[in-house]
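Sharing a structure, written as structure tokens. Questions coming.
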Amino acid sequence: MTLLVATNITKTFGPLVAVDDVSLTIDSNEVVGLIGPNGSGKSTLLHTLCGRTLPDSGSIKLNNREIARMSPIRRARSGMAIKFQLARIYGQKTVRENLLLALQAETSLIGLLFSRTRHRFDSDIEVLLSDFGLEDFVNVKAGELSHGAQQWLEIAMAMARKPALLLLDEPTAGMSPAERQSTGELITIAAQKCGILIVEHDLGFIRSMCDRINVMHQGSIVAVGTPSEIEKDERVKEVYLTRV
Amino acid sequence: MVIKGRNAAAIAIIVAIAAASPFIFIFGNDYITGTLTRILILGLLVLSVELAWGQTGMFTLGQAVFFGVGAYSAAVVAKDYGITDVIAILSVAGFAGLIIGLLIGAFLFTGRRVSELYVALFTLALAYAAQRLATSWSAIGAANGIPGIPFPTLFGLKLDSGPILFYLALVVFAIFFFICLWVVNSQFGLTMNAIRDDEERAEFFGYRRQTIQVLVFTGTAGLAAVGGGLFAITEGFVSPSLLGIALSTSAVLWVVLGGKGTFLGPLLALAILQILDRRMQDAFPQFWPIAIGGLLLITIVFLPKGIMSIPQVLRERKSQRVLRHSAPIREDIQ
Amino acid sequence: MSNSDGPSVEPNLVVSDLTAGYAAGPVLFEVSFSVPAIGTTALVGRNGAGKTTLLRCIMGYQSITAGNVWWNEKNVTKSSPSQKVKSGIGYVPQETPVFPELTVRENLLMGLGAAPKKSRAGIDMALDIFPKLADRLTQKAGTMSGGERKMVGIARAILGQPSLLIMDEPTEGVWIGVVDEIQVRLREYAREHAILLVEQNLEFALDLASKVLVLERGEIVLQGTPEELADQEALKRFLTI
Amino acid sequence: MDASLTRSIFDVLSVTSILVLLVMGMAVIVGMMKVFNLCQGEFVLLGALTAYLTYEIFGSVLLGILLAPIMVGAFGLLLERTVIHRFYANPQGALLATFAVGLIIREGLRTTMSTQASPVPAPISSSWVIFGATLPVWRIVIMAVTVALLIVAAVILIKTSVGLRVRATLNNPELASASGVSRKWMYAWTYATGSALAGFAGAMIVPLQTLYPNLGFDNLITMFIAVMVGGLGSFAAPVVGAVAIAVPGSIMSILINPVTAQILIVLCAIVFMRLRPNGLLKSGM
Amino acid sequence: MKRKSMTVGSRGALRSVALLATVGLVLAGCSSSDTASETEAEATATQSETTEAAAEEEVDTSPIKVGVLTDLTGAFGIVGQSNQAVAQFTIDEINANGGILGRPVELVIVDSASDPAVGAQVASKLVNEDQVDVVIGGVASNMREAIKDIIATRGNTPYIWPASYEGNECTPNVWNVGAVPNQQVDPVVNRLLAEGKKTFFLTGNDYLYPRSVLAQVRKVVEAGGGEVVGEEYVPLDITDTSTLVSKVLASNADVLFEIIVLPATAPFIQGVVDGGFEGEIVGTLFDEAINGIIGTQADGLLGIQDYFATIDDTFSRDKVAEFAAAYPDEAGLFSATFNAPAWYRGLYLWKTAVEAAGTTDAAEVEKTMDSASYDALIGGPASMVPGTRHAQLTMYLGQMNADGSVTIIESLGSVVPEQCG
């Protein structure tokens, strides 16, 4: 079933066309990769998908609902979650509080004020902690976690609301191979519950994770296909695979 | 657990003040009780700045506007309408603050996100405009303000002596202090902090950032206004300086000196400065205002988290020498 | 390993036991290497290995926990980036190689030490390198595409005629045709000057380099000439997927 | 043209040129450097003080006008190297720190002054009669100097290599240092220039406003509103903002009255700032 | 982890208690010393009462306390410092002549810092902690409004308000010894009307005093057949008065009646004079202290005050010379606009009232002060007009000179205040 349909997205900054008439689809339970050299427009495309910027034109449908002009808040409430490139977690708060923050986002304000859901989410937190291997750090301040653990915490927070679509912006940036492998496993688990879009530099990681890969270059998607198809694509080789 | 500790501190403060208060009856006079009363009243203003800025990241340099709105509405109600019941006066004051706070909060925080500095300058200009307006508005006494506000009553009993007014302020302060603690320790408080630490991240979780900011801003306006109302009925006068830049920046100064992000620090800074202020002003009248500026500057430069962070700073100095474990490598990513 | 098999020129940049990191922990561990006075030295390694950090430490943008940087036999560990630039080091950063609010012409002028006297000849030189820039001189650099910005950035750095040109990913996001052009220009430049290059495009790097350093998790794990490293299994292990 | 119309037009030009003169220093520090400098008013005050002191000691206001930018610029340089440079990454801290500095200067002067206000005569006290209206020459001088200074500032910023370096540093400090510009000293000198301009403005206007401790602070809010209305990020925007505030402000105070005019201007500016947070000169994000 | 945060939490609590205890100690320290002096004072008070009752001839020699509340710092710091010197001078003189009721007089000086909120605090200190017998002071009206209830009503202590002001202050225990609008306005406006000057332009800062005075001017002008051709107010912190100057010039009025306070006074007057204004310029704030700030443009301005340095009154001249010798730093500040004559007057009128009552008791003084009168005052004799709480004053019309001095044009004699009728 098709989860996300983005059609003819265009976004310009002054004379610079960052995203040029791009279309993209993601099915539920599908892991889609988006690769391309820096400056190819993949970050801008991601930003229009998550609502950080609004596209100049084009349509984005999540579960058949038009979201292209929605605020990030409403997108989040319609089932979209994002993990940013730099882990954006609440460093001053404990891991538990971070997870609670993600879980309680849709609790009513009165409910929050009277802390009605403080313990209702305990079991969810336990599950997330064990899923993401964070049991030992539950009362540690998130800012004191290792770099990898911070990334996992953010993925856990993104997964907390059981989103339909998860956007991951460079989930393995700066990770060691071991951490990278663990991240891959986490994403595989997550993929059973939702559709995922991964924006990555690391082609190897993308290749091992994704069902389908989009290659962007100079604002356009130049190729779409399975990892093996992409590897054979001449155009992709030209723009991308000459690089390591 | 942390919460328990915080509450313990809060309870300790209230109990200590309450325990000390009989001595005020025995040894104190109206000047000393008046000073303590004023500390408690300004404490409400400090709490409101701390809630808005320290807890939610809304850098308000104009919080005295709401204090003044509360004070003026209490003065008008008590003097012109002859309503002296404390509960009625404070309700009106608080309500007036809530309305003005809601209007300004909605104007500031709905729509496009604005930066913290923008909020600061906006509220500063607001304080300027408000004092201006009060100074020119003859219906509320213009520059002279409103003097001769009658003593308040409670269930028909006249509250007309220093110690009684002190207890009134203590009770009101305690009520709102606990409400503040309760809010901050609730899940809502966690959300406030989340907005303070990373507004955008919170939005991407689906928090209605605008609603929460407007709500908190409105609440703090109401809190400051209750303080203003209390000021009007205990001091017996209001003047335009109550809603101006000077008091607004003083409130921020107390929060900075005490330590943004804590309740105890700012209240402590307020208490110490209020007690020191008169003594120092009499001892070094020419020097004291300059010293306040110097103190602020030194604090900002060398102790950005205020006096409450002194133990922490000392601890960190020590632990810095113990190098941390070799954490995972992290490239300087964009 | 030593650079005994590298070009037989005295090194003019020497990095010894450099250790650096962020609040989260150290990133570079006692890194030591030298850059010969002539020729291209390529620094390769995976994403996150610490390459950009290393360049920033050498330039002085990033504070160093321990170790030293020597430039022309002077200890420049503590000198500021601008002092280093004035003593003959050029730098092209990875992310923002241009002044976005300034025009291309002004960007290039900055490379000339912002001296209008030399401007005519100087800008001609930049246009020699990248003729494409000729009709874009009055455009604001911020409105150009990533590849064009890279070009402006490289041209700006080369105009200062540094004895050592440090470049962080000069070909990232640059169209393939331009990459060749850059390669030609850099090869030319390296005949008389030194270049220290961080590059993900291994083919490009190995083509240019007379010396290759491999950085992995904050340590130099391999170094040598491209030829030496070309058939090493280790290099593939480190760099391929 | 009759005398009162001439005077009205003259007043609008005069009020505007004074505000533009005052805002120029702020255009550098707040507009270009984006340091929210709450002691900018006190720089104006220090400039005024310099003129007053040279008048008292040497009997010459003109000397003070020449010295003020040097003295206040030096003070700004000192302040930047001791305090401000710590806060480039922390604008909130800069705001509070400069507030504290302003407080110290203001209160310091208050305790040392022996009168509530001290007059400083204009170097040129004569008047010209134009269309029957007697117009003070000093105000005309201020207009001319303001225009000249604007042109000089524009030429320096756009045409000279120093201006290029300044713009480059403020645009991308890291890359500027990679072009051999010392970031540390460029920031310091830019800040000093902003202070010097404020000091100069203070010395120029003190004959029209007399010296008193709140001289700077009373002008500060208007200056800040001008910057916010104009927009941040350039030298030109705050200047445009100053014109946009001063012209309607002075026209309103002629047509309605000064009290209402001032409140209306502040309120309009507040609303405008909210609707277009980037100011007049920049649209959108 | 749980345990750790718990200890941190409770340690925080402990720390706060400790800090609080310190604050408490500081306070206790203050209060205990205060209480000591207080109980002492109470003891002497009760003692004196009993002794008075027992043996009438025995004299109480404990000092009478006079509270001086003025703005030693802040916007009016200069005025406050002058006030403090005048108060000290007056009290020294009273003590040198045997004090009041044979008791020495002692000053308790507090700084209200030009801030009503501070004023309220220190007023409470004077009344409640120092338990003074009378309070004199305040510079601006908003200060009076902030402190009068604390002193006069809640504190039941006589309060002397020593400044010319807008009038209508009729609170019991409050005594106004400065000029009110009709005293300053009526004589001069009537004189100008009589000279044939019919058109008036009124201007002042936007607050109560200028508005009240100018309302009185309008009343007198219109009653006398004159016409008000313009009335304009400017903000207190105005920095550029040029648009106002233009309006004044455009009006071509015969008389400009202006109450623009510092710091805008000088630029405004200079602008009007240099702009070629041909009518008379009158103000209630012109005197020697302000002329120096205005400069040569002060030449020809008309001012009306209860005292000028050049009045033809040897007693006043001698007294001011004595003051100048005793306080050389403040000599130049002895002026009507700094309320110096009113401070002197207020203290002597109160002295007279206390002597008439034979006690400093507020209720008794409230009766005797109502008709207190004294002749040997700076600026001429003054007497409280019974039932009005205000004083009948000798007023002078003076013309300012370029060198800062004042030429007395007319001594207007004793003018009755129209207040609290």
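Read from first to last, the chains carry the letters A, B, C, D and E; within each, the first residue is number 1.
Here is the rule we go by: a residue touches a chain if its C-beta (ideal position, glycine included) is under 8 Å from a C-beta of that chain, and two chains touch if they have at least 3 such contacts.
Note that this is a predicted model, so its numbers are computed, not measured.
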Spell out the chains that contact subunit B while also contacting subunit C. A, D
Quick one: which chain's Cα centre is the longest way from subunit A's? E
Busiest interface, judged by C-beta pairs in contact, is B-E
Among the chains, which one keeps its Cα centre farthest from the Cα centre of subunit B? C
Interchain centroid distance [CA atoms averaged], subunit A/subunit C, Å: 32
Please compute the C-alpha centroid of subunit B, do the same for subunit E, then give the distance between them in whole Å. 34
Where subunit A and subunit E are represented by their mean Cα positions, the distance between them in whole Å: 72
What positions in subunit C touch 2 or more of the other chains? 24-25, 47-48, 217
Numbers and ranges of subunit E residues touching at least 2 other chains: 2, 5, 73, 206, 235
Note the residues in subunit B that touch 2 or more other chains, in rising order. 132, 136, 286, 289, 327-331, 334
In the complex, go through subunit B and note every residue touching subunit D. 59, 107-108, 112, 114, 116-118, 120-122, 124-126, 128-129, 132-133, 136, 249, 252, 256, 286-287, 289-290, 292-294, 296-297, 300-301, 304
Of subunit C, residues touching subunit D in the complex: 59, 61, 80-83, 85-86, 90-93, 96-102, 106, 109-111, 113-116, 156-157, 160
Tell me, which parts of subunit E touch subunit B in their complex? 2, 5-6, 8-13, 15-17, 19-21, 23-24, 26-28, 30-32, 34-35, 38, 72-73, 110-111, 113, 115-118, 120-122, 124-125, 127-129, 140-142, 145-146, 148-150, 153-154, 171, 206-208, 211, 235-236
Contact set on subunit D toward subunit B in their complex: 36, 83, 86, 90-93, 95-97, 99-104, 107-108, 110-111, 221, 224-225, 228, 259, 262-263, 266-267, 269-270, 273-274, 277
Within the complex, which stretch of subunit A touches subunit B? 50-52, 71-73, 76-77, 81-82, 84-86, 88-93, 97, 100-102, 104-107, 109, 111-118, 146-148, 157, 161, 170, 173-176, 179
